[in-house]
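As written, the chain order gives the labels A, B and C, with residue 1 at the start of each chain.
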Amino acid sequence: MLKFVVRRLLLLVPILVGLSILVFAWVRALPGGPEAALLGERATPERIAAVRHEYGLDKPVYQQYVTYVGHVVTGDFGQSIKTTRPVLGDIKVKFPATIELALAALIFALVLGIPLGFIAARRYQTWADSSTIVGSLLGISIPVFFLAYLLKYVFAVKLHWLPSTGRLDPTIDIPHPTGFYVLDAIIAGDWHTFVDALRHLILPGIALGTIPLAIVTRITRAAVLEVSNEDYVRTAEAKGLRRRTVDERHILRNAMLPVATVVGLQTGLLLSGAVLTEIVFAWPGMGSWLYDATFNRDFPVLEGGILFLAVVFVMVNLLVDVSYGVLDPRIRLQGK
Amino acid sequence: MSVAESESVLLLAEHTGEEGGSRLKLAFRQLRRNPVAVIGAALILLFVAVAILAPLLAPYSPTHGDLSNITVSHVPGPSSKHWLGLDLQGRDELSRIIYGARASLLIGVVSLTLGATLGMLLGALAGGFGGWVDSIIMRLMDIMLAVPGLLFAIAVAALLGPSLRSVMTAIAVVNVPVFARLLRASMLGQRESDYVLAARSLGVKRRKIIIGHVLPNSLAPVIVQGTLALATAIIDAAGLAFLGLGSADPSVPEWGRMLTDTQQYLRTAPQLALFPGAAILLSVLGFNLLGDALREALDPKLRR
Amino acid sequence: MALLSVEDLTVTFSRRGRRPVHAVDGVTFSVEAGATVGLVGESGCGKSVTSLAIMGLLPRRGADVGGAVRFDGDDLLQLSPNAMRELRGREIAMVFQDPQTSLNPVLTVGRQITEVLERHRDMRGRDADREAASLLDRVGIPDPNRRLKDYPHQMSGGMRQRALIAMALACKPRLLIADEPTTALDVTIQAQILELLKELVVDSGTALVMITHDLGVVAGLCDTVHVMYSGRIVESSDRRSLFAEPRHPYTTGLLASVPRLDSPRGVPLRPIPGSPRDLLPWAQGCAFAPRCTRRVDQCTAVAPDLLPDPVTGHALRCYNPWPPGGEAVAVPAPIVAEPIVAKPAVRRARKKP
């Protein structure tokens, strides 16, 4: 198991090196430099040269790359050209916001999707099954930003049930030791803030979680259908086990293997969707942050932020593979 | 051709030809009876027809409007003259939606064709040659897949500047590793199958096996993925347009951008978000419905 | 009264848009307490479906079950699903064909045994573990305490089948149904497993229904044998008489198609021509008629009934059976050697012709 993890980590190195080169080249190939975005179109050549010198952009590209890698390895992501704040500091604020949103979406998808998929499989080829299938196809067909609009319009604008923007009521001020506002509220022991943070999470969480929900539902359904026909389920039935035991211990546990893989694949989808969701709900996360940086040609933010996200992305995939081993003894005990 | 070889080829032709032929026929028959497939095909047909016949169908110009009826607090909704009302520039919403189908279809088809062709070429090279060719291609694909799809598309589109062409390129690039991996995996699976082993043991040349048998039999998952990727391409194109990365000319009707424009008017004119959103939803749904039915029809394991 | 009596059992599978399939078509037989009964036939003859119908394991949708399955007087087909769950695993247990796929890959073998003990014998924790280990020991798995913690994929095929037998016997059931328990195993392992089954049922007085396509298995194990074809029993008899004087052309066909060690070299095997797919619906005559070498006109007009054979006392469903002793077909070499343990009185009494 440990060997497996180490080997996977080593495999990551070339991917990350390749990616850092790609991001670095990309940022420098973007039309117009940061100085244009920063200083506007009427900046004097002297000002532009000064800015370029300040950020080391006047040096040869390979030298810039070496400096960049040297900094990244020591944990220095530089500072934003636009705001002059350290990139790492911004990541520390923005990243928990995105993760909180993504986790809310994932929890929504799993808590609803697994039972729905299970019930659909149980009622195979009945109206309940068909409507689950059609519903899940609708779920993957609806654009995230359109769904976000619909939710915002109905539940925030029309019904006033839930807030439509931000992570917290602006009048609330509590310390943020973790950056996860729900968690921060619990640490502060502030019930009112806790509820408010949750209320802010609901609409963006549903918007972002709908596609994963559809996918989890479908995979669970397919997996349960397949596992239900396995011989060992028949063995379990032949033992006269209670229906609940058969369902939970024998069918669901095995059906969770493909679901775990798919949840891992969702990470990318969640990050993509987060950009759009964060923009509609003015959620101050990585997605909207990087998006703004793209338009501002904010080189250090883009280089640092994207590399950071990519590392997270591949680490999550590794984590999923490891969890697969935990779920499936055939993988865990390989080579024993 | 030796006797053994011609015999084995005959045997294989019988195997793959008959199997493949009857499988396709069976799949098609199953599709026609499947309401999901029929509804999906109908939606796609409608979408394609609207896109092609846009100039005939649209009652007004999609780019010229009359601002005289528009105020910040009032945007006229559906009426007998303008079925879906007017947009913020006083243009006929229905006409814009109809013309918007063009951009969607164009982006979807072009980007998919480009991306799938390039991806399958790479996948076929990797799967066909194996060895270091395979390693290099697949590591490259891994790096591309390490960036989430839409983010990748945003990056490429931002690099190329706002235009329809850069949107198409961006989405095509995102599709490349998907199809490369799919075709390679499918080919590797076929290569290990019994009939290929049989052909190899009879001394049929490798190139002949790959081109004649492995490739055609690896295409079923590609067809399914193609249909589903069209759905994703339309959604991603809408997402890019929504983010302002679509056509450089804001008067060109694009569904995604039509939604962005209305963000501030959700309270006063919610219909302006609803109609383009529904248009995206329905066209994407069409491809997803058909793709789902196709997968079920082409995968015997799912047939019960 | 018999422990199990299956009366006119029918199982019909119907699917929308397809013709219904009569997988089991009026099967009647009974099993005395402690007896061993064989159901023999090619794949697709309905023997496995019969066993699943007895166990109540057929899918509720699409399978229509008729007739009666009396166990200890109660009709199992009338029991509620929950009442059936109480019975399964405790009174009636089953061992399946493929030990590779019949064990849950993500649970330890020990857990899969203790869950039966928890369910039916109310054993928990260490008690259950101890009992599970002793069960593994009884089925001949060495080092049982360590093996409890193994996952199925860490065991060999034969060991898995032993573990499955341990699970089936965990609650000392009165009836054990074994559906081709040795088919998926190596030949050397087959004999061991059959030996084990034989020993265990004799020791505990459990009745055994052995479902197989292999006459060698029947020859060494069963008191009574029913030969099935296309959902119906075509010949029933006690074992010795069946092998000594097979009457139904299908039975003789099965016997003649088994390779034998003691037949002279050069004597060709005579497989039954055709396959079970070439069958006639019983409504139109004898289902075996298309493959039968002794077919007469009557066979394709009206299906024969299962009647007592005046010569041998077999129950026989044939208009033109082989004359007794005419076609000398000797008993195939039994996979299990002849009696190695004492048999209960019932069995010994039935052995003597």
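FYI, a residue touches a chain if its C-beta (ideal position, glycine included) is under 8 Å from a C-beta of that chain, and two chains touch if they have at least 3 such contacts.
A quick note: this is a predicted structure, and the numbers were derived from the prediction, not measured.
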| item | value |
| --- | --- |
| Chains touching both subunit B and subunit C, listed by label | A |
| Interface ranked first by C-beta contact pairs | A-B |
| Chain centre separation in whole Å, for subunit C relative to subunit B (CA means) | 54 |
| Averaged-CA centre spacing for the pair subunit C and subunit A, given as whole angstrom | 55 |
| Gap in Å, rounded to a whole number, between the CA centres of subunit B and subunit A | 24 |
| Multi-partner residues of subunit B (at least 2 other chains) | none |
| Residue numbers on subunit C that touch subunit A, as the complex places them | 55, 57, 81, 84-90, 93-94, 96, 98, 101-108, 115-116, 119-120, 151, 153-154, 164, 167-168 |
| Subunit B residues within the subunit A interface of the complex | 36, 139-140, 142-143, 146-151, 154-155, 158-159, 161, 231, 235, 238-239, 242-243, 256, 259, 263, 266-267, 270, 273-274, 277, 280-281, 284-285, 288-289, 292, 302 |
| Sites on subunit A touched by subunit B in the complex | 14-15, 18-19, 22, 26, 29-31, 133-134, 137-138, 140-146, 149-150, 152-153, 157, 222, 267-269, 271-273, 275-276, 279-280, 290-291, 294-295, 306, 309-310, 313-314 |
| Subunit C-facing residues of subunit A, complex | 230-232, 234-243, 245, 249-250, 253-254, 327-330, 333, 336 |
